[in-house]
Amino acid sequence: MSKSHVLRATAAAAVASAVMATAACGSNSSVAPAAQAPGVLVIDQAFTAQSIDPATIFQVTDSTVATGIYQTLLAYQGGVAEPKPLLASSYDVSPDAKTFTFKLDERAHFADGKKVTSDDVVFSLNRLKNLQSSPAYLMEGLTVSATDAGTVVIKAKEAAPYLPHILTSTSTSIVDAEAVRKAGGTDAADASTKDDAGKLFTTPENGVGSGPYELAGYDTNSQITLVRNKDYWGGEAAYDKIVVRNVTNAQQQKSNVESGESQIAMDIPGRIADGMKSNGLTVSSSPSPEVLYLAMSNDATSPTSDPKVREAIKVGLDYDQLLTLAGAGAKRAAGIIPSKMMGALPESDAVKTDVEAAKALVKEAGATGKTITFDYANDYTRLAGIDYNVLAQGVQSQLEAIGLKVKLNPTPTSTSLQRYIDGKTQIALWSWPPDYIDPQNLLVFGPGDLIGERNDWTAADDPEVSELGKKAQGSTGADREAAYTAWNQALAKNGPYAYLLEPSFFLVYASALGTVTHDPMANLNLAQITR
Amino acid sequence: MTITEPAVEKPAGPQRRARRIPGWMRRPGVVLGVLILVAWAAVMAIPALRPYSSTKTVGPALSAPDGQFLMGTDALGRDNLSRVLDGASTSVLNGLAIVVLAAAVGTFVGLAAGFFGGWIDEICMRLADLVFAFPGIILAMAVAAALGPSVRNAVIAAAISWWPGYARAVRSIVLSLRESEFVLSNRLSGVGPMRSIVVDLLPAVTGSVLVLAMLDIGGAILFLAGLSFLGLGAVPPAPEWGSMISGAVQYFDQWWLAVAPGAAIISVVLAFNLIGDALRDRLEPRLQEIQGESR
Amino acid sequence: MTSDIAAPVDAVPATPSTGAARRGGYGRYLWRRALTSLVTLWGITLVSFGLSVLVPINPETTNLSQQALANPEAVEAFRAKFGLDAPVWEQYFNYLKGLLHGDLGISQQTGRAVSSDLTSYAPATLELVLVATVMSLVLGIVIGVVAAYLRNRWPDHLARAISLIGVSVPTYWLALACSSLFFRQLGWLPGSGRLDPTMTPPPRVTGFYTIDSLLAGEWSSFGSALSHLVLPASVLAVSTLGMILRFTRSSVVEGLGSDAVKAARAKGLSSPRVLVRYAVRLASSQIITVAALSFGFLLAATVYVEQIFSWGGLGQYAYRASTNLDLTAITGVSLAIAVVFLIVNFLADVLSSALDPRILLR
């Protein structure tokens, strides 16, 4: 071999080994199990982050991060679905559930030192309403005013017994009005065009929140970093730094949490999480506050417009197989109201599979061999990591067994959702993530309401269900439960929906963290994680 | 003018027959490639070779390879091996479709550009440049996302990205032949442009186009599988190698779900590349000519 | 020998043509290149917007909650904010106007300016692609030279086998397999991200974690960044290794048979010296061309690899933009990649012309 060739080869080998050596040095820290840098908490999540401005928050990742840097008037503690005081130390409800008075906690102040006053509350909630962004509808029919520096009154046009639940949503987080106004923000009626404070919220350590942490970095592609709020009014934050990382692959999350590279994994689906319990890892699960359903259009062009066909599908699905496909933690759903909320029906009330009856119904309807299009989002993994592709194929073969041909139409979420909204789908697979733990959220499924309309189900088609819905909306106090249960039952019987299952969200985390649970919204409250 | 061969006795029997197979085809690589392709062709043609149906649940979900299910089962309890075997026709035939479509469009455009010259040429070539510069995968993703997922749309999206190569090559050949004797003499004797193109130029161009197409098939199959991997090609439950690998991403521990379709893709693409490689060696000088002048 | 990216085998967009007459020198050449590049870039914007005419896109669907979608005021506010209420040709016009000022519009997904999205995500991809190209080049050239020198003996056949297999493997499958083996099974290398999550990224100078951490003297960050680069870069390198290997081999073989080399041999120079001083140098111009080409291929292949390794670069951005039909982002990313590609090719042409006196720039 020529000298130069040998030289070249040796040089290459030397470079390669140098690379591997330095790489080994650098990777040591990531291979040590649970020996993280003290005071740092790493959380893996499949990101859906868009904006950390509270008046625009409606994505899961933003909601999670917001629990650490902002605070709301009320909050859920642990997994209990009961709003507890946070920024508001107490509140009163008028008997007609139309007037709510909140007394603010005297000690509360923002990270920039300023006290939390009623002006901040009024500003934040009005800005939420007037910015006209995604969560603005939360403030529909509500007016906020301050009676004195420490008291806020919220009036509702119609009875709103669920208002305390609304106020636990991170979109209603209270921010420092003065700082936001200074940055160009406004809560006036024209805020949607005039507000210019967006950049303030992604500025590191901007101080406009009152939570135990402050934002240090916000990259929607890779990771969001929080640092300790040195001036937190509620005591001592548990960690110096929290890193929320974007890890889209569940298997990757599993490897990370097993190797100690991260301490909490939020998106590992049940079928994988189930076997992960070990000495170092704890697995906890909580039922999701949403039901996965099949929407069957009442539109005349669809074979599903025939009530017999819809009934056949409801009865012909092999729900047990679907539960197996979805993985551990999935349960039967008897109605659209999830088991967490009042008005939910017991699992035993769920539709029983009867393949023979289904086949007979299909024959009766003359629909044997007819083709139905089945739309679903093939990149949607948000719901407890359930693979819609697998579920859809399961449904397809089940419906084939009762005589209905199904053509699958998997598209990216944006396209699929658009088709659903435009009423172009025949069968569609979706769930409805609630904004707060109250069945009032689900009234959209009624005939003539948002989801009902999409599937061409009008109030005229089912006046009885429509009436029950109105009654439930207007009920207060002890009547609510009965009203919603009645509505739920009627909806299950007559509605163009087949309830597939209610999944569970799983958390896999390092046992050293103690107890970590989801909040009732199946989100993670960063402020409540201790060491 | 013939040259009389020296009077040597021609050997009889197998040696004589062997001489009929061109040298390049006797290389071990080509033989291997052809064998692989013949095996896959047999699989595609004979449905009975599949042990089970590829769309029906036949066993427990996610079971490892064993005597009953040679490549294990997937999340819905379907036989992995049968699905891989069924996927062959989708991947191979549609890969061929991409190349045929791209070659056809490219040839047409190249012929027009080269023959007529002038502004037609400019427009065609600028169009080709544009498609070249637009990152192919992004264009394909956007087109597929816009048109909706289906193998047909993925083939169209891929063909849109591939035709410029053929247009360029064909154009350069036409340019070099346009002024040659036989074409000119035909035009002078009154042959119209269409006939001239079809009768004189097309045959000259076809050979090179076929060679280029041959070399591209492997890449086309990979590209199509890639689009399906991204969720923009074949629609379930149809088994397609790319979407099978995509489905396997969720099931890391079930290695057979990814290994089987991956091995299938590699074997088919390798086979086409082996044959194309040997072909290219045989025709290397001519190809370099085409490549060199295709600017 | 094509890889799994859309470019047929003769895709050499700017190969200097041998034997073409030189007209007007460098100045004219630069002028022509710049002009054609601009036309190409303009064409890209045209195609992008053309897509939106073909398929009416409603970006508010992915960006607003379903309740907000039912509220016409909220939809109006959203559309007005992104200038979507104007007819398409007017939007296009505004876009072009903005382009002249360096404003690439606002991405509907992230809500930020596309230009700031690109500047924040581009370094990640460039770092990855550069490292992969270098790996691919080093290996490809070394093996190619050996194969040419020992042609038709077993190292040559082995090299050819490597080359063929390299281009037959789907990149995403290889990424999965390597991730599964080296990360999950063996635990040798990290499987996602660019840096250890507990470390803060080094102060940003170039955006390349390797360079920036070196500049800041943060050795552990440097090591971590390198270890995160190994897997994805290696996977990418495999896809272009075959092409580079092949080109090197054939151009070195050609160089060895050239007149200059024959003359050198006649003068009595020993074989290895001939190899290095003449054959390789003559081949280097072709190698540079193919290096530029492979850089372009890799830019496209990162779409797959970044998804699997959660790299947070342009590839992931492009994928999300395409599936969400985020028009400004798609256009922005395409322009960015095209610009990089055009620049790299231009540099390659100039360099190869400088190295090989036979090549004249047209």
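First chain written, first letter: the chains are A, B and C, and each begins at residue 1.
Here is the rule we use: contacts are C-beta pairs under 8 Å (C-beta built on N, C-alpha and C of every residue); 3 or more make two chains touch, one makes a residue touch a chain.
Note that the structure is predicted; figures quoted are calculated from it, not measured.
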Identify the chain pair with more contacting C-beta pairs: B-C or A-B.
B-C
By C-alpha centroid distance to the whole-protein centroid, which chain wins?
C
Report the inter-chain centroid distance for chain A and chain C in whole angstrom, where each centroid is the mean of the CA atoms.
37
Distance from the CA centroid of chain B to that of chain C, rounded to the nearest Å?
24
Report the inter-centroid distance (CA atoms only) between chain A and chain B in whole Å.
45
Multi-partner residues of chain B (each touching 2 or more other chains)
145, 231, 249, 252
Give me the residues of chain A that touch two or more other chains.
249, 251, 379, 412, 415
So chain C residues touching two or more other chains come to 184, 308, 323, 325
Chain A contacts chain C in the complex at 1-5, 8-9, 12, 15, 19-20, 22-27, 29-31, 36-37, 40, 42, 50-51, 58, 131-137, 192-193, 198, 219-223, 225, 243, 245-249, 251-252, 255-256, 259, 261-262, 379, 412-415, 417-418, 421, 444, 450
Chain C residues touching chain B - in the complex, by the definition given at the top:
1-15, 17-18, 36, 39-41, 43-44, 47-48, 51, 54-55, 160, 164-165, 167-173, 176-177, 180, 184, 250, 299-301, 303-304, 308, 318-319, 322-323, 325, 330, 333-334, 337-338, 341-342, 362
Sites on chain A touched by chain B in the complex
249-251, 254, 324-325, 378-379, 387, 389-390, 392-394, 396-397, 408-412, 415
Considering the complex alone, what residue numbers of chain B touch chain C?
29, 102, 126, 129-130, 132-143, 145-147, 158, 161-162, 164-166, 168-169, 212, 215-216, 218-219, 222-223, 225-226, 229-231, 242, 245, 248-249, 252, 255, 258-259, 261-262, 265-266, 269-270, 273-274, 276-277, 280, 284, 287, 290-295
Name, in rising order, each residue of chain C that touches chain A in their complex.
58-59, 61-71, 73-74, 77-78, 80-81, 109-111, 120-121, 138-139, 142, 145-146, 149, 183-184, 187-194, 196-198, 200, 219-227, 230, 271-273, 275-276, 307-308, 310, 312, 316-317, 323-325
